[in-house]
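Some structures to go through are shown next.
You will see two complexes here that share chain A, one where it goes with chain B and one where it goes with chain C.
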Partner chain A sequence: MSVALFSQLLYLLCGGLLLSSVLMLWRRQLSALVGLLAAQGVLLAGMAALLGTQDGGLELYVVALGILVLKGGVLPAVLRRVLANSGAARETQPLVNVPASLLAAAMLTLLAYAVSRPLVELDPTPITHAAPVGIAMVLLGFFMLVTRRRALSQVAGFLLLDNGIAATAFLVTSGVPLIVELAVSMDLLLVVLVLQVLTVRLRTAFGDTDIGELRELKD
Partner chain B sequence: MLEMVGAPATGQGGFVDALLIGAPVAAPALAAVVALARRTPSRATGWMSVAAAFVILGSGVFAAVLTVDGYALRAGSLLRVDALSAVMLIVIGSVSVIATWANVDFVGNELASGKASSADLRRYTTLVPTFLAAMVLAVLANNLGLLWAAVEATTIVTAFLVGHRRSRGSVEATWKYVIICSVGIALAYLGTILVYYAAQQTTIPAGAALEWDQLVAHSTELDPGVMRIAFALLLIGYGAKAGMIPLHSWLPDAHSQAPAPVSALMSGVLLPVAVYALIRYRVIAVHSLDPSFVRALLLVVALASLVLATSLIIAQGNYKRLLAYSSIEHMSLIVIGLAIGTPLAIAASLLHIMGHGLGKAVLFCSAGQVLLLEGTSKIAGVRGILARRPVLAAVFGVGFLALLGLPPFSLFVSELGLARAASADGLTWVIALALMMVVIVFVAITTQLAPMILGSGSGSSAAGRDTGSTTPLVVGLVALATLGIVAWPVDQLLHAASLIAGTP
Partner chain C sequence: MNGATTSWSVLGVVVQVMLVIAGAPVLVALMRQVRARLEGRVGAGLGQPWRDLRKQLRKESIAPDGSTMVFAAAPAVALSSMVLIVCAAPFITTTSPLDGVADLFAVVSLLLVASIALALAGLDTGSAFGGMGSSRTVTVAALAEPTLLVAGFALSVQVGSSNLASLVEHGQRVPGTILSPASLLAAVALWIVVVAEAGRLPVDNPSTHLELTMIHEATILEYAGPDLAMVELGSAMRLAVLLGLWGNLFLPWGVATTAGPGTLALGAIVFVVKVAALGAVLAASEVFMAKWRLFRVPELLAGSFLFSVLAVSSSFFLS
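Up next is the complex of A and B:
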């Protein structure tokens, strides 16, 4: 693959990741969030495979396949089951409204470009130049996590943050060693399963999955 | 077979190394498998965890003997034990001996009272040793990715331990715990990746870029710009697990809702292991970065957490939450030791980790018995335990005196050590502020606690109820006093560890 085509494809994938992240802040339909997360999983797998064409080894293709299965298939399926059980289709009352969220998304993306300058400067290749996209996704995920009140939206925010970290890992280091990647994926899957069980318990205990209702414990 | 600290990896470890590294992970893992295999849990399942805890403690002591001269045992490139790991193994072992011993009675009570289903108890008795295995793996890891994965695994394992009761309060606590700690630890993962990135641009061999000993040996080559971002992320991330600001808010909820032996393990083992990760990273950061940046960052986080904990202890009306905030207070003192960073300060911090772990294990377990006796965790609802349960009241009271830093207990020695280290390094104002907070906490806790223990009794109807054995708690207090009076069992080990983690 020529260098020009490689960079174009890479930037296209990064653009898709950033766009889907912003869309997650825009949409309030919970099922749309799950769809966007699944799309991000596919884009991330594509990124791993694309980097694999440059790397020459088999490892990145294996990682790409793993990501496709985990983030493109298994995790969205778990979230869909939670959604079907929870009975809530929409984010009720996010703490920050949609226009303000989108404005915040723009500011956070600019911030990501500012703070990740040292990362790009250390090893300025066409690949690392895209690293701010990963950092921007981390910030957007964090923002979503603190401004949404539905249990499922919070989980989606966490997964967006995690996708951002995975994207950063690919862009700066072509991914972490396989053993670490395995451990991380395992942990991620288990966290989401734990959260799934917890949403059921939340619903049993509080009759709803609105985190704003959690006010039993305070000083 | 054995090699010097800091020297590049040359050979694989021998049989003794493999045994000492394998046993403390294998024993709790085996206990977990047995607990899982048993359909109905019993007290015997609980004793398996105690046995595993003793294996961890024993391996820690053996490892200490072998590493005290500055040697490091290894198993492949993933696992490595030096004096610092040995200290942490001893901490995990001793805290978990007390907590799992008290846990036998907890499981027995749950079985007898029928409060938990046998499926719930089976999960509980499986997860406790799994938690221990993950913690041991974290302190044995030489690969920083593995260290991360082990710490993250504890979030998953302890989630159902915190939520064991399934009440509204415990579900809420579990949700906050899993979300906040997962986010925190995800940020630590990003930090780990950035360290890996910086390491790839140095002369470290390609496959070894996440190995701690390699990173320390090549720390001056790491790019300061990237390391600055990485260290800040790592501090927020592992700081979240250690209960440090800004991601601390899960801690009082989780610690106050979890069953007492679990609170003891979380406070005495989980928080220190997160601090241990910071100890390892600090060594790399001070050589690759401006050391004053590292110190300033650690001091800001530690002092802010200390002030927060103190202000919430003053007006606390719930004794389990009081203990939780006291954990934040003590972790802050330990992180102040890291900020100072001299070998003396690191040794004092490590001794403080030991003392706090033993003290908190005793206190959380005795608080659990008080809760069982009185049925409330409100301080105002408990009066005059001494008259009804003298031994329990004495253990509870003496435990607090130890935690407040009174001699002869070891927290007195370690706080004195921190003060000496700070003033030797020109940070007198820091230690003045910290000691002021310690004094405020002292006054606040003693005034709250005195009527609980000494006041004239209430609710004497429960006087005859069996709340469990106080033997493990007394053993813990004796160990704590021994550490404070005769330093010989650990001082050489702490010295060796402080040479690894401290920078003059």
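Up next is the complex of A and C:
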């Protein structure tokens, strides 16, 4: 694959990742969040596979397949099940309203670019030039995690954060060792399953998944 | 540029202007027809807006008591700024003699001139509806304008010029730039702006006169006869201009870059097909949408502003 085509495809995938992260902040419909997460998983798998074509090793293809199955298939399916049981269709009251959080997202993206400048200058290749996108995703994930109230959109924020970490790792190191990726993925799956149980418990206890209810201690 | 080429490019501009003036009401009719068919109605047919315009042109022009020059001049200002855009912008050919004027930022300002003229006319009538419509028009315009400029900046950074003809030619020469993240994000941002500026769902519903939802219709309630015909033609042309600009910036194929009979004919056909297809897509998507509350419109436009900011930043960090 020629260098120009490679970097263009890579930038296209990065643009898609950034777009889907921002759309996650924009949409209030919880089912749309799950769909965007699935799309993001597929894009991330595509990025791993694309880096695999440069690397030449088999390892990155395996990682890509793992990501595709886990983030594009299993996790969205789990979230869809939670959604079907939870009864809440949309994020009603985020702590920061949507226009303000979109402007905050613009600021966070610029911040990501500013802080990763020295990192990019260490080794300016097409791949590291895209690294700010990963860091922006991490920041957007954090932001979503702290400003949303529904349990499910917090899980979505957490997964966005994790996708951002994975994207940064791919872009900065040109591929993560298989064993590290496996361990992270297992942790992630466990966390989401635990959160699923927690959400169901939350709903049976309070009839709602608004985590604001957890402030008061109850027997 | 020799004499023959110049005359061909002048002909290109003339064809472009005629095509947009004649075709804009048909585009509106096409969009209504698509909606009607998808909703299970028969629809009025493709000639209806022209029949309406003919009827209005025969009527007497009346103005409310106490209205001034501002009210009388607004339709002409709105319509002529649209005609000026159509003369300068590269819709079927990039070899316009007015090429120097076809700057993206100048075109945006001309669009704003038209909406401000109508907003002032709405205020000038002194009626409650006119004032309300003007305030809403200005709110939407003030939120959409920065997006247009920032997204335009993202596009022009890649080319090194904000001239529309060079943007289109660069898109044809290097198709890869259209698939770059910057230009895709700008495409999303500009599409939302096109919807808001043309007064389509979910920002404004062009087919109702319901007081709670009107934006564009409220400012022009007091017009009648030939003035109303001018306003209607102007808003139809605005829709065609916005769809045509979007289509040529992000799907630049087929626009004539050399002046000649063959390329001009091809450019005209491709332009008609492009705008009709975009209009049909927009109308079809409107069937599945409800108008948003006015207070949620800033949310939509904040989203599109974010996309344009991301487009600019990604054109810097992904290049």
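Basically, the second predicted complex is superposed on the first by the 216 of 219 C-alpha atoms of A that agree within 3 Å, B and C clash if a C-alpha of one lies under 4 Å from a C-alpha of the other, contacts with A are read in each partner's own complex, and residues count from 1 in each chain.
In this text, a contact is a pair of C-beta atoms (placed from the backbone, for glycine too) under 8 Å apart; a residue touches a chain by one contact, two chains touch by 3 or more.
Just so we're clear, the structure is a prediction, and the values are computed from it rather than from any experiment.
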Simultaneous placement of chain C and chain B on chain A, clash or fit: fit
Winner by number of chain A residues touched, once chain B and chain C are compared: B
Which of chain B and chain C A:98 touches, first, second, both or neither: second
Touching partner for A:85 - first (chain B), second (chain C), both, neither: neither
Which of chain B and chain C A:129 touches, first, second, both or neither: second
Contacts of A:113 with chain B and chain C, given as first, second, both or neither: second
Touched partner set for A:158, first chain B, second chain C, both or neither: first
Angular separation of chain B and chain C about chain A, which is computed from CA centres of the superposed model and rounded to the nearest 10 °: 150
Touching partner for A:12 - first (chain B), second (chain C), both, neither: second
Distance in angstrom between the closest Cα atoms of chain C and chain B, superposition on A: 18
Chain B and chain C footprints on chain A, overlapping residues: none
Touch list for chain A against partner chain C, complex: 4, 8, 11-12, 14-16, 18-19, 22, 26, 97-99, 102-103, 105-106, 109-110, 113, 120, 129-130, 132-133
Touching residues (chain side chain C, partner chain A) in the complex: 176, 179-182, 184-185, 188, 298-299, 302-303, 305-307, 309-310, 313-314, 316-319
Of all residues in chain B, those that touch chain A in their complex: 78, 143, 145-146, 148-149, 152-153, 155-156, 159-160, 163, 166-169, 171-176, 178-179, 182-183, 186-187, 189-190, 192-194, 196-198, 200-201, 207, 210, 223, 225-226, 228-229, 252-253, 256-257, 312, 315-316, 321
Complex interface listing, chain A residues touching chain B: 115-119, 121-123, 138, 142, 145, 151, 154, 158, 161-162, 165, 168-169, 172-173, 176-177, 179-180, 183-184, 186-187, 190-191, 194-195, 197-198, 201-202, 205-206, 211, 214, 216-217, 219
